[in-house]
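Order of writing sets the labels: A, B, C and D. Residues in every chain begin at 1.
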Amino acid sequence: MIKVAIVGGTGYTGVELLRLLAGHPQVEITAITSRSLAGTAVADLFPSLRGHSELVFSVPDVDTLAGADLVFFATPHGVAQAQVPELVQRGVRVIDLSADFRIKDIPTWERWYGQPHVAPALAAEAVYGLPEVHREQIASAQLVACPGCYPTAIQLGWIPLLESAAIEPSSLIANAASGASGAGRQGKTELLFAENSDNFRAYAASGHRHLPEIEQGLRNVQPEGSDPARLTFVPHLLPMVRGIHATLYARLKPGQTLESAQALFAQRYRDEPFVDVMPVESHPQTRSVRGTNMCRISLHQPQGGDTLVVLSVIDNLAKGASAQALQNMNIMFGWKETLGLESPALLP
Amino acid sequence: MIKVAIVGGTGYTGVELLRLLAGHPQVEITAITSRSLAGTAVADLFPSLRGHSELVFSVPDVDTLAGADLVFFATPHGVAQAQVPELVQRGVRVIDLSADFRIKDIPTWERWYGQPHVAPALAAEAVYGLPEVHREQIASAQLVACPGCYPTAIQLGWIPLLESAAIEPSSLIANAASGASGAGRQGKTELLFAENSDNFRAYAASGHRHLPEIEQGLRNVQPEGSDPARLTFVPHLLPMVRGIHATLYARLKPGQTLESAQALFAQRYRDEPFVDVMPVESHPQTRSVRGTNMCRISLHQPQGGDTLVVLSVIDNLAKGASAQALQNMNIMFGWKETLGLESPALLP
Amino acid sequence: MIKVAIVGGTGYTGVELLRLLAGHPQVEITAITSRSLAGTAVADLFPSLRGHSELVFSVPDVDTLAGADLVFFATPHGVAQAQVPELVQRGVRVIDLSADFRIKDIPTWERWYGQPHVAPALAAEAVYGLPEVHREQIASAQLVACPGCYPTAIQLGWIPLLESAAIEPSSLIANAASGASGAGRQGKTELLFAENSDNFRAYAASGHRHLPEIEQGLRNVQPEGSDPARLTFVPHLLPMVRGIHATLYARLKPGQTLESAQALFAQRYRDEPFVDVMPVESHPQTRSVRGTNMCRISLHQPQGGDTLVVLSVIDNLAKGASAQALQNMNIMFGWKETLGLESPALLP
Amino acid sequence: MIKVAIVGGTGYTGVELLRLLAGHPQVEITAITSRSLAGTAVADLFPSLRGHSELVFSVPDVDTLAGADLVFFATPHGVAQAQVPELVQRGVRVIDLSADFRIKDIPTWERWYGQPHVAPALAAEAVYGLPEVHREQIASAQLVACPGCYPTAIQLGWIPLLESAAIEPSSLIANAASGASGAGRQGKTELLFAENSDNFRAYAASGHRHLPEIEQGLRNVQPEGSDPARLTFVPHLLPMVRGIHATLYARLKPGQTLESAQALFAQRYRDEPFVDVMPVESHPQTRSVRGTNMCRISLHQPQGGDTLVVLSVIDNLAKGASAQALQNMNIMFGWKETLGLESPALLP
């Protein structure tokens, strides 16, 4: 049993962490913080946790957090980079679910997030928590930067192809759509039920903050000497709660086929417990991964042309955030990687 | 470990059983039947089960079923009553999720279901599987008739009051609403997405098949000599997938108050693992029990008048069907009653 | 052609007014006010109005408003009572969609709305804008208080019965549910898509502000000497955008039957253009009135007992607010009552 | 006033036609046919039409149909091609909402629709009913083939660019998503509410029947000598009822910019009543066109690169089917093109 603390537990990634940790046999949650709700019982904010949690939100306090073996940050960007340095110095391991430590190039981070980065040295040290790529470094990491939701779905959908240089990297198109929980639990007019039900729209089509994270991840797996991956990325907002669906378009290099691509995926993800390569020409549904750490992928080659379409689905709050954080934790502490993450999706 | 078979696994209660049993440590599923899909892998029909189940639907066969320790029937009414007698004779224990064995009065069953009952003797022997009332009989039962979804939510909302004769039993009103999964997985026009999204309506307002089951259950807990419980029950169809919400209206007897009623509930359900009596004047949400075996209840006394309003929510596929079936199984086999049913609700 | 101004046009009743007025041949909108969005084009806030409106939100200004023949108030309660007196004094006619002038008993208003009423004399003069009851007074009214959404659906469902003393008035139960647009266009966490999708709950079960308005309206149509109507009213929040569904329970007086009740409705609403009495035992759907001024009603007598169930549906933003306001305007200005309100519902 | 008949009025395009024609001042509907529902009142099938239509479904009869000035076919593919020839011979004008006469190349039609075409000569004569391209021919056409929903949204989004050869035509990508009403009103399991709510998926990613229609339309507007437009098209199913959103990716030719592209759209659609070119970097919402004949379009140039993203939204049942059919009718009969199509969208 380890002691775990959560900083910023009032959002959707927070309640998802609590849900998943409630079923993890090796974890005791010792603190969950919220400045605005200090003193409120977690189960009063999230009635789904009545009977599952006696926790009460507390004011963030570094000494309390430093008493934990592991601290999760489920905070808006900017918070973790201010608080993590002292925790790391005191030997606490940290999994940050925010964007603070995902980008290695600090000027890029600062441009997209519109503020100075206050812990650039830690950003350099942080391990990017995509287990399918960085499993070994995660195992010994002190600070893991958990990937974003879109970046997870999109990277897993292209990694086998880019590692093998099977597609042209310079004109990638990622058309993706997310459930509304991806926008967080904030009282904004544009996120109201009455604004989003029976409605669909793109957003940030001219540029979304996840773009540099995705490009960094894709370039990282390309063989040396490759043209760097370049991406057009258009996100959309779905009238549903959970789920990300990425529809990925790339040009196959000469000699590549649907079958050869499928073989690359089968081989690359053979031993991955949370990537499911479906039969060719399948259509993965977002609900088939609801509440789970699974990513399901399928391939299409429309009209036998040279465009390979990859469909990739995850649950934005699970494999796209909190369940992937648990997967990272399992790796960091040497437990079975699937511990606490075995339940099938809730369907229907 | 026991061997379990499922008859009729292609509907929503079937896939919910499979989801829950996948997390139960004492059960091995040895067969799942479907006449129409025999030969199809379960995970091909329900992709959420990819990686969780190697089962293949098979043609129902009594010898195969008789090899199990327990058989679940997740079939339309009429099926179980034809097949259960032989299984029972051969010593197999059965939990029937259909309506076949819920009603003790056979003419009543035949009137509401429009067909003759072919196993009336078994209906007399069957134990009604509402653990909060019949726990002891369930433990030793050979045949358990798992309650319907509306009947579960409604009975749990009135039992403490009727047992104590705290309300007038002759003019009960149950206004209830169900998610669309309650109508089953059948290709009917009226169940289409485009027919039910952004739409709400009552149905069967002049008489619904769950009425006699509810009245039977309510009368069963009344003290001898009481006026029998009489119910007006109007169900509604919600534009959502899972969940039942019952809004129950009854007249308090003189001397009863909101506080005395709340005390009755607190006392009655003190040791029940799956009934959560919330603080007075709460409003339970259906999503707070999504995917779980929990029933959450709260009480209101509008304007301090003599009408007591009980709000009761369950997940129609879980406490209203498959999870309650697991709870019954746990009782029948002497396991911890919460085994395999501990996960918190999926929220949001 | 008359000149019309709208005060408070940034909410859902405001945009619905604009949608409907765009199709009304006798109206020119001369001003629409919003303190916070002054200077913004209406079509920038509501892109559905691109090409239909050149209006720009302006700061509320009494002289501008006084230049109109008619002013609609689509504001939160408290606003109209402060501004209407001067307009009325200057001879402008007013239709107030808020709650400010609906309740005749000022202490009751003040208790439920938690603030002093600053224009009690006008509240006394105001005509309650339910055309099915007050058509004649509306025609000559200077100030019309447009009814609330729940009150419209519920009153229309009981008026024929109470006028004829066909039901017991002292134990009425109104179980009603509303689409999320009824809660307005405000950035509250509890109204987020991710909080309300696939979720259903009651709210304000211990007492809702529409209760006194409903009771006042019901008592108003009872024959002299009747026991006053007494109501238990529980509202619920539906995971959909538009629509109110009221399920009304009352005890029939001796001698009354489903048929006699149906005859009362048929007779009472024979000439009403916006009340549709459906065949007995029908189930009206909220989508069948979406975007229209129609109220559809059907009757049930479950199990032939003494409880009469009335189902009544409206669109909360239309007959429950803005379309009813147009109906009132048509009456006030002597136009055909259905002018601008003829379109069938949008289905599916 | 003209006499209009509708063949196949029991689906969603049928009820949408009836809704729109109810508000058209020049049309009298004289017959609506359905073999399976002959004798049923239209308003019994679609309660939204109660009070708006006295029509009763009748068995299709060529003499009755031949008595009309105009016949709409709202039937599955294969029906119109069998029945239209005789009507045309008898001088009746026809607007076919099905796919029967959209494709000029008969072998292509036969390959994608899997059956022989029985009226190839008429297919050659039929005018493709996209008014923004074929307005003049439509005016005098006897048979108009109304475009499909995806083809309308996608063609309108690329026509200005292809006419001006501003984009590379050989690697077009259309990622599109449709509300569930696009799949029709058929009782299929996969279209159930419980299957599609809170779910999103691609379908027919390897090849969809609308592809050849789109390519034909795009090539038709290209200047002579251009490389023919080649398309990758992936449709998706949205958990909502109405609306199509197309996200279109194309490579700008050298010298083209976001501004030059925007100017092409502004110029091309300047006089089009039903195409709204929004400011650059807008994000059109599907609900902003709900129930209307409008197409809203906006342009993006992500990261200033050479990929131009066009966002195009329509209502699949309106501009994607029945409202566009009315627009065609208005042109054919020399009425104002917007007649009966003036209402703003229903929002929220």
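Heads up, the rule we're going with is that a contact is a pair of C-beta atoms (placed from the backbone, for glycine too) under 8 Å apart; a residue touches a chain by one contact, two chains touch by 3 or more.
Worth saying up front: this structure is predicted, and the values here are computed from it rather than measured.
**Q** Chain by chain, through touching neighbours only, how many steps does the shortest route from subunit B to subunit C take?
**A** Minimal hop count between subunit B and subunit C: 1.
**Q** Work out the mean Cα position per chain and let me know which chain is farthest from subunit B.
**A** It is D whose centre lies farthest from that of subunit B.
**Q** So, what's the distance in Å between the C-alpha centres of subunit C and subunit A?
**A** Subunit A and subunit C have C-alpha centres separated by 46 Å.
**Q** Please report how many Å separate the Cα centroid of subunit A from that of subunit B, as a whole number.
**A** Centres of subunit A and subunit B (C-alpha means) sit 37 Å apart.
**Q** Could you tell me which residues belong to subunit C and also touch two or more other chains?
**A** In subunit C, the residues touching two or more other chains are 12, 179, 181, 185, 194-195, 197-198, 239-242, 284-285, 287, 290, 348.
**Q** Give every residue of subunit D touching subunit C within the complex, in rising order.
**A** Of all residues in subunit D, those touching subunit C are 12, 15, 18-19, 22-23, 46-52, 181, 185, 197-198, 241-242, 276, 278, 284-285, 287-291, 294, 296, 317, 342-348.
**Q** Per the contact definition, I'd like the list of subunit D residues that touch subunit A in the complex.
**A** By the definition above, subunit D touches subunit A via 171, 173, 175, 177, 179, 194-195, 197-203, 205-207, 211, 230, 232-234, 236, 238-243, 245, 247, 249, 251, 281, 283-287, 290, 300-303, 305, 307, 309, 311, 313, 348.
**Q** Taking the complex as given, what residues does subunit C use to touch subunit A?
**A** Residues of subunit C touching subunit A: 12, 179-181, 183, 185-189, 191-198, 239-241.
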